[in-house]
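In structure tokens below, several structures.
Across the two complexes that follow, subunit A remains constant while its partner is subunit B and subsequently subunit C.
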Partner chain A sequence: MLRFLVRRVIGALVILLIISAVTFWLFYAIPRDPAQMSCGKNCTPDMLAQVRHNLGIDHPVPVQYWYWVKGIFVGRSYGDFGNCNAPCLGYSFANREPVLGTIMDRLPTTLSLAFGSAIVFLILGVGAGMIAAVKQGKWQDKLASSASLLGSSLQIYFVGYIAMYFLVAKLDILDNPSYTPITEDPGAWASGLLLPWLVLAIIFTANYTRMSRSQLVEQLSEDYVRTARAKGLSSRNVFFRFAWRGAMGPIVTVFGIDLGTLIGGAIITEYTFSLQGVGRLAVDAVDKSDLPMVLGVTLLSAGAIVLFNIVVDAVYALIDPRIRLA
Partner chain B sequence: MTSTDQQPFLSIRDLKVHFSTEDGIVKAVDGLSFDLAKGQTLGIVGESGSGKSVTNLTILGLHDRDRTAIDGEILLDGQELLNASEKELERLRGNKMSMIFQDALASLSPYHTIGTQIGETYRKHTGVSKAEARKRAIEMLRRVGIPQPDMRVDDYPHQFSGGMRQRAMIAMALVCDPELLIADEPTTALDVTVQAQIMDLLKDLQQEFGTAIIFITHDLGVIADIADDVLVMYGGRCVERGTKREVLTSPQHPYTLGLLNSMPDLHGPVDVELSPIPGSPPSLLNPPSGCRFHPRCAFADKVAGNLCSTERPMLEIVAGRGSACHLTADQKRELFAHYAELQRH
Partner chain C sequence: MTVPTPSAAASLEVLGDPVEKPTTSGGPKGNESRSPGRLAWTRFKRDKTGVISAYIVIFFFVIAIAAPLIAKLYGKNPYTTYASDRPDLLDAFSYPAGPNGGMSSEFWFGIEPQLGRDVFTFLLYGIRTSLGIAVAATLLTTLLGVVIGITAGYLGGRTDYLVGRVIDILLSFPSTLFFIAFMPVVYGLFVADDDNIPTSLRAASLILVLSAFGWASIARLLRGQVLGLREREFVEAAKVTGASPARIVFKELLPNLWTPIIIQSTLMLPAYVTAEAGLAFLGVGIIDPTPDWGVMIQRGAQFYSQDITFMLFPGLSMVIFVLAFNLLGDSVRDALDPKSKR
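Up next is the complex of A and B:
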């Protein structure tokens, strides 16, 4: 297990390095000058050169990339703009502050949104899938499959505004979406995020219902499940310890990918509910040609996905003893 | 019907198992009766889809209750099983009656150790502690001839070889000393050496515990080795019943004859061609009229009129021997003579 983890983490770092290099190169393929934007309207060539120097973009691209990588380990100075301590992911041209700090400010919102809705859609989706699998062909099954068809056809910006209109503005059942740090006030944290959680979960629930139903139906017809019944084990025991164990693998895999994606920012959800998360940060950064910020957010998203892939593989090995980690 | 007054250990009367499918009703078992005494082995022979496995899954109550219509009577030690509650069946399964399945790799859970799988059956029915169940699992593994059972008990099925998996499966089925053991082609996937070992094992265990065994197979060689009585199934019905010796040496049904003729004879001349039964197994969705074997039967034209295609031949069992065929005894003697001659070699 330890060897597996060490190997995979090293692999992950290499992947992140490659992603950062590609992002760097892609950014400079776009004909926009961040120094021009930073310098403002009344910019003289001298001022522009100064800004370029301070931003560190007066060097060739490979050299800039080298400085950027170096900054992660030893920190970096940005002249008039100040210092950026290690680990330094760069200095945002637009926000005029270090990238890492900005991301760290936004991350709690995104994490709260991601994990909160993940819990909701996992419980709802898998629960509905289980019921549908047990009640195969009965009304519960049909209800679950129609509901998941409906759910997967919905869009967040549509459901989100409708839900806001009725549940918040009209009926006043839920609070207006907002983010309060959980450390400050757990109650306000939960009530402020409840609506985004539910709306984001609707889209995912459908997928988990369908997946857990089909996985369970398949497992329930496996020979080893029949053997478990032939041994006299109760149907509940057979369902959870045998069939569900077999059905879990693919669900865990998809869950890992979904969670990784969500931590990279739920852009539409954040915009719909005016939440200041990482997804919004990413869009704004692209909009302002803010390379260091784009890089930072890209690395965060990629890192989350790579990380959850490792976790999924490890969990998979725990579920299925036939899988050996190497 | 057997003429003994004593209640047989397992008694099945006019069992019908019908599945409803989208295409119609499949008559997987259509009026099957047999008895089985303790300490006896009944071999059930038949092609795929003849209803052998369905019959046995029904005894254990493992059929899909929503999709299956069942009629008849299954008495185990005087207890009616078809009306038994799921709870009652759970108490019996793995305990008083248990089953060995064909494909041990697919039939054992890949997610649990061999020891857990054997032990949990024991725990369920005896309520002993985990440590106690583990000890029992090791003991069972030793009994079925797994070397170093105290080490192998914590292995997963994929770490076992094919023969060992089947042994483990047998250990699991026998852990509660069942009185009825159903073995559904337990040796089909194994090579002959292992097959012989497994059958010896079953015979030893039967002698030790007086277990009644139903042995399902399509291999007549296996039947010759292990069975006391033989029941031949075709299209969901019993076509012939008798002792092993009677059925194998003087078959009374053209289907049984066909099965025997399609087996190589090790002692006969080498260049004799095998003669398979022409045609394919009948559709149970839309079974042939009359005798279900008549479209494939070589002797159907020997029966007066078209009795074979219009009327179902009744199975009359006298002293445990009988067959369901319209041919008269004299006709059979004459027509089956060729086979008898082969036997004399």
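Up next is the complex of A and C:
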């Protein structure tokens, strides 16, 4: 297990390094000068040179990239703009702040959105899939499959506004989406995020319903399930301790990947509901050509995806002893 | 927005399935031999859901292609702001004066708030733009994926290893974020001033970026298939008889790969439609005043709480299209690959 983890973590770091390098280089293809943007309108050539120097963009691109990577481990100084301590992901041209601080400010919103909706869609999706598998061919099954078909064809940017129109503007059942830190007021936190959770969950539930149904149907027809039944175990026991355990693997895999993607920023959801999360930050940063911010968010997103891939593989091995971590 | 990564389960099914064609399961007239394509077609025709979805999908493509003709017969175009000549169309707050978003016998789907454009033609041309981009991106992605996947699988060795690593990296890219981050980069490669980007360039960049990040999953699937096929007797036989690599790839391997290729591209197209619309919604893809599904939704989002009718047309038509195409894709998969389970 330890050897597996070490190897995977090293692999993940290599991938992150490549992704950041690709982002870094590609961004220099844009003929926009961040120093000019940071310096403002009344900018003399001398001031511009000074800003360039402070931001560290007066070096060749590979050197800049090296400074950036080095900054993550030892921190770096941005002249007049101040210092950026050890895990330094760079200094935002637009916000005039270290990137990491801004991301950390935005992260709780994104995490709340991701975990809240994950709980909703996992319960709804897997629950519906279980019912559909047990009631194979009956109306519950048909309802679940039609609902999941429809759900997989819906888009957040459409359903989100429809839901806001009817549930918030017209009927006033739910609160306008907003983020309040859970430490301040848990009630406001939950009621502000309820609508985004539900809408995001509608989109994701479909996949889980379909997947858990097909997995369970397959497991329920396996010989070992029949044997367990023949031995006289109760159907509940057979269902949860045997069939469900066998069906869990692929669901865990997809769940891990989805969660990783969501933590990297549910960009469209945050945009639709005007939540100031990491995804929204990324869109704004791209808009302002704020390379350090884009790089920081990209690294976070890719990191979340890669990390959850490792976690999924490790968890998979724990659930299913037949899998060997090689 | 989902990137066109066909679900893990789907690819596993296709992978786990031997690529033999079901020639043994003959039709009703026992001894009459039929091609696998013909058998698949017979199976497809029997699937009612599939046939109905196919008609709906064809309908969308027809109106997309015939949009200029329909607009001409209808007598409006998507660019004219009708309200500027006829202020009575909009009320004092720039919302359609008539009920239901201003729907009338003259403006079938109503009038756009604020600018007062015709919703019906805007939607028609929007479907045209969106479908055009999605189809082009699907074709390019499939082509890239097929070429790279087959090459990697057939050559094996170092090429295969290298391609495998590139695929790994591409699949761990946060895709939506990358689409957003790289659209300005691609624009920047072609025009210096980013204020005035022609629509054709925007469309071309979208197709390029979507394909550049989309080919990995189909390439990975085909690579796996080719790895299996490569060792089979018929390929060996072709090699022994002195067939060139090109012949082996195109005449021996490719015919066995059509099923996964078609299945993957039918999964890809609706995903690209929604991805393209999502980018337009975020303001990085096609932008106003070019008609587009995503642009319409973005416009609708600006005044959804006052006039939801405008939002319903692009939103519902997209849901119908994606739903029909997903159903069609399922039917096509069932028809081509009857042994796979859904």
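The working rule: the second predicted complex is superposed on the first by the 325 of 326 C-alpha atoms of A that agree within 3 Å, B and C clash if a C-alpha of one lies under 4 Å from a C-alpha of the other, contacts with A are read in each partner's own complex, and residues count from 1 in each chain.
Quick note on the criterion: a contact is a pair of C-beta atoms (placed from the backbone, for glycine too) under 8 Å apart; a residue touches a chain by one contact, two chains touch by 3 or more.
The structure presented is a predicted model; accordingly, all values stated were derived computationally and were not measured.
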Superposition on subunit A - do subunit B and subunit C clash or fit: fit
Subunit B versus subunit C, judged by how many residues of subunit A each one touches: C
Partner chain in contact with A:Thr261 - subunit B first, subunit C second, else both or neither: second
Touched partner set for A:Ser214, first subunit B, second subunit C, both or neither: second
Touched partner set for A:Arg226, first subunit B, second subunit C, both or neither: first
First, second, both or neither for A:Phe4, with subunit B first and subunit C second: neither
Partner chain(s) touched by A:Ser289 [first = subunit B, second = subunit C, both, neither]: second
Partner chain(s) touched by A:Leu149 [first = subunit B, second = subunit C, both, neither]: second
Which of subunit B and subunit C A:Ile15 touches, first, second, both or neither: second
Minimum C-alpha separation between subunit B and subunit C after superposing on chain A, in Å: 13
Residue numbers on subunit B that touch subunit A, as the complex places them: 60, 62, 66, 86, 89-95, 98-99, 101, 103, 106-112, 117, 120-121, 124-125, 156, 158, 172
Residues of subunit A that touch subunit C when the two form their complex: 15, 18-19, 23, 26-27, 29-32, 149-150, 152-155, 157-158, 161-162, 164-165, 169, 207, 211, 214, 218, 250, 253-254, 261, 264-265, 267-268, 271-272, 279, 282-283, 286-287, 289, 294, 297-298, 301-302, 304-306, 309
Contacting residues of subunit A [partner subunit B, same complex]: 137, 222-224, 226-235, 241-242, 245-246, 319-322
Residue ranges of subunit C in contact with subunit A within the complex: 1, 7-9, 168-169, 172-174, 176-178, 180-185, 188-189, 192, 194, 270, 274, 277-278, 281-284, 294, 297, 300-301, 304-305, 308, 311-312, 314-315, 318-319, 322-323, 326-327, 341-342
